[in-house]
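Next come the structures, one after another.
Two complexes are shown next, each including chain A; its partner changes from chain B in the first to chain C in the second.
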Partner chain A sequence: MRKLIVCLALFIPVALLAQEEDLLKQVEDSANQKRYVTAAFKSSRVINGHSMEFIGKGVLDVRILHRFGPVNSGIKEFFGLDHASMRMGLDYGLTENLTVGIGRTSVNKEFDAFVKFRPLRQSAGEGSWPFSLVWVSGITLNTMDWVDEERKNYFSSRLGFYHELIIGRKFSDKFSLQLAPTFVHRNMVPGADDDNDTYALGIGGRLKLSKRIAFVVDYHPILAGRAPNTKDPLSVGFDIETGGHVFQLHFSNSAGMNEKEFITNTTDDFWKGDIRFGFNLSRVFTLSRRR
Partner chain B sequence: MQQRNFVVTVILVLSVTFVSAQDKFFTKNGRISFVSKGNIETITANHKSVTCVLDSKTGVIQFSVLMRGFEFRKALMQEHFNENYVESDKYPRSEFRGQIVNNSAVDYSKDGVYEVKVKGKLTIHGVTREIENDGKITIKGGKPHAASTLVISLSDYKINIPGIHRDNINNTVTITIDCPMEPLKS
Partner chain C sequence: MKRKLLLVITGLVFFSSCYYDKEEVLYPDGLNCGTVPSKFATNVAPIIQTRCAITDCHAAGSTNGVGPLTNYTLIKNAAPQIKAAVVSRFMPQNSTLTDVEIKTISCWVDAGAPEN
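Let's look at the complex of A and B:
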């Protein structure tokens, strides 16, 4: 018995030596560490609506948006390209999960500002979380002259608000999908019987076609409180990425460039061919020195 | 008599373990950085949790690094690195498994700086290649510190640079390795 123990003791170092080939295995933790899922969408917007994506801490995103006239207006209007409305915007990433932005749209001479916050982030690996949750709240300010100068006009009548919750998931390297219940409130509406509150469900999807090109769909069916004679905004397009730029080229029945505008003021019918060409141009600048 | 034998056995076992523990060294917080000088901008990234294990007896040395751990100054650059270039989801880890060729030249018990030649297999982006490189082992207080600089070509590891960026991104990357190690207790 004693001899056996001594023999065993002598064999232990031999056993240790035999394992030497894979040294890394002896010290490595499980390879499946928790990590955040990134790049569900190429841009912080699907097309019109916000996406589950953030621009990163200390990053300034300069966004130039153009929406042209209806394509079916014919050659005389150069298929809508003669008429352009635009939004210039600046987004800034205060933290990884908090972005603020401002913008100004030529339509209605409208200013807008928003706060976007991500309390939950999709992750993979051990202890992973299946989806990202993003909250966006925004305000819009119309600065057109009053329609009726004679009556008592209030500053608050110029304001509109929107709030949305984005639940999004990157299902695979190629496919991402998000749902965004959205609430829009307009302090003043054109008609006496119009609803001040409009509810919509944003549906955004992305299908990556190559490393730098993706097909995107952005659809906002109106659930309740539809503004009279308006349609559900639908946009389809391509994201094209070249280094620090993202070009989003798309066709849409909507000309609006903020949530209040495209949810309550899309009068064209996509399926009747009342579509417009448009593009979003995004250029990011890293302002902070260290990440 | 029986008890004494038992004590002898225990001492034997312990001493054997003790000796073998002194042979191996490791770190999980090694550093790797890389620099690529392009026409428009210089791309640099740092990694602070590189795993490295060294067996001083045989000269076997192995490195492992999670590609997602590289930190860039620009968030977008980091995203592109992972998404478009090294494809971190597909190839999460890069490894080197090799051997210090002139291991006998290193006296692990004596402080000093030893020039070494390392030979082995480097795996990046799913491509494994035989490489040979010079490095340095610095012994201080009985602990080795492995350091090296090597230059690789992205094309060797099938990391593609798209046409429009070919003039801006350099195909060669300089990698600097810096791993102070501690004794490994098995």
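Let's look at the complex of A and C:
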């Protein structure tokens, strides 16, 4: 009897071990299946610029953006909060990889619309792909009255365009980085020597600090065709997620809220302290019925 | 629905297409920032003082819109709003600015609202 017990005692762990291996193998198998990497950024924008992230099919994203006056204007102006400009926008996910959006900014009474498409998506597991590739094309329409009503004014002069290619990767649960070569075209520029075309390189990064909070940086150094007296837009901030809402609180030298505006019209210098507080508020609604 | 939306957007992009216009070249006789004087002290400040920073409007202690416009810092901080308001002729409310005056202000704002 004792022998039997000893035998069993010796055998049971081995049996358990074998069973464990089977389970582990199953887990490994399912882990090896191809799956898309999600939540590289909390929002479809890094701060000002588009991020590699999509809102999903049938999802309506209501976005309300505010940019305030310069923080260094002092307590009398309540550190810039007395002066606000805003953009209201609606983004809609037509498919997982295709989003369209419209918006209207108070500065220049400007409308904008964009199409955002993701031909390649970062994935893990078998047949994985290391990064996401996103294309964004947008158009802006200035609806201010003409400075001079008498002259021959052209509708085309109101328009601007932007195109960008975003190459982004979620390196780990905590860290995501994207590069976004961006091209902005303005149909009409003020000066004879001004460039209609401006090229910038968007650099966006996210560092996750906790389950709900992330630190984000959005920088657009201008490579060529800089508009006179403009600086490179730089924004730093925090994303705060609270079920369905994403709050993006940030400090930036830019007051622009679309690509054309912040790349060609950022006149403040971040390093001289001409910084503005701003926030993006995003609320998503799932419109299409789940099957 | 999807197709229509895409059509509208591509239509917009194609029909308006790309122009390389320069305001100064397109309207050589018109008002432009090269010809309109737009220094803060000599050109901009006098317009603001006489047309904006007046009693019941944007004088000291004003709580209307952007508030008082009585010194450089206050005017600079409100520069984008001032430009938008005068270019759209929403402001001033008690008088009308000439085209040159409007251009003076908008050129100064476009130049980064320098203290010159």
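Please note the rule applied: the second predicted complex is superposed on the first by the 259 of 291 C-alpha atoms of A that agree within 3 Å, B and C clash if a C-alpha of one lies under 4 Å from a C-alpha of the other, contacts with A are read in each partner's own complex, and residues count from 1 in each chain.
Methods note: a residue touches a chain if its C-beta (ideal position, glycine included) is under 8 Å from a C-beta of that chain, and two chains touch if they have at least 3 such contacts.
Computed from a prediction, not measured in an experiment: that's the story for all the values here.
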item: Touching partner for A:Ile75 - first (chain B), second (chain C), both, neither; value: neither
item: Touched partner set for A:Val115, first chain B, second chain C, both or neither; value: second
item: Which superposed partner A:Asp173 touches (first chain B, second chain C, both, neither); value: first
item: Contacts of A:Ala192 with chain B and chain C, given as first, second, both or neither; value: second
item: Which superposed partner A:Met144 touches (first chain B, second chain C, both, neither); value: second
item: Contacts of A:Ile55 with chain B and chain C, given as first, second, both or neither; value: first
item: Interface residues of chain A shared between complexes with chain B and chain C; value: none
item: Residue ranges of chain A touching chain B (in the complex, touch as defined); value: 2, 5-6, 9-10, 12-13, 16-17, 20-24, 26-28, 31, 33, 35, 38-39, 55-59, 93, 173, 211-212, 242-244, 284, 286, 289-291
item: Parts of chain B lying in touch with chain A, wherever the complex brings them together; value: 2, 5-6, 8-9, 12-13, 16-17, 19-20, 24, 26, 28, 51, 53-55, 58, 60, 62, 64, 66, 68, 71-76, 78-80, 82-84, 89, 92-93, 95, 97, 162, 164-165, 168, 184, 186
item: Chain C-facing residues of chain A, complex; value: 69-70, 73, 77, 80, 82-83, 85, 94, 100, 106-109, 113, 115, 137, 139, 144-145, 147-148, 151, 154-157, 159, 161, 185, 187-192, 194, 196, 228-229, 255, 267
item: Chain C residues touching chain A - in the complex, by the definition given at the top; value: 2, 5-6, 9, 12-13, 16-27, 30-34, 66-67, 73-74, 77-78, 80-81, 84, 87-89, 99, 102-103, 106, 110-113
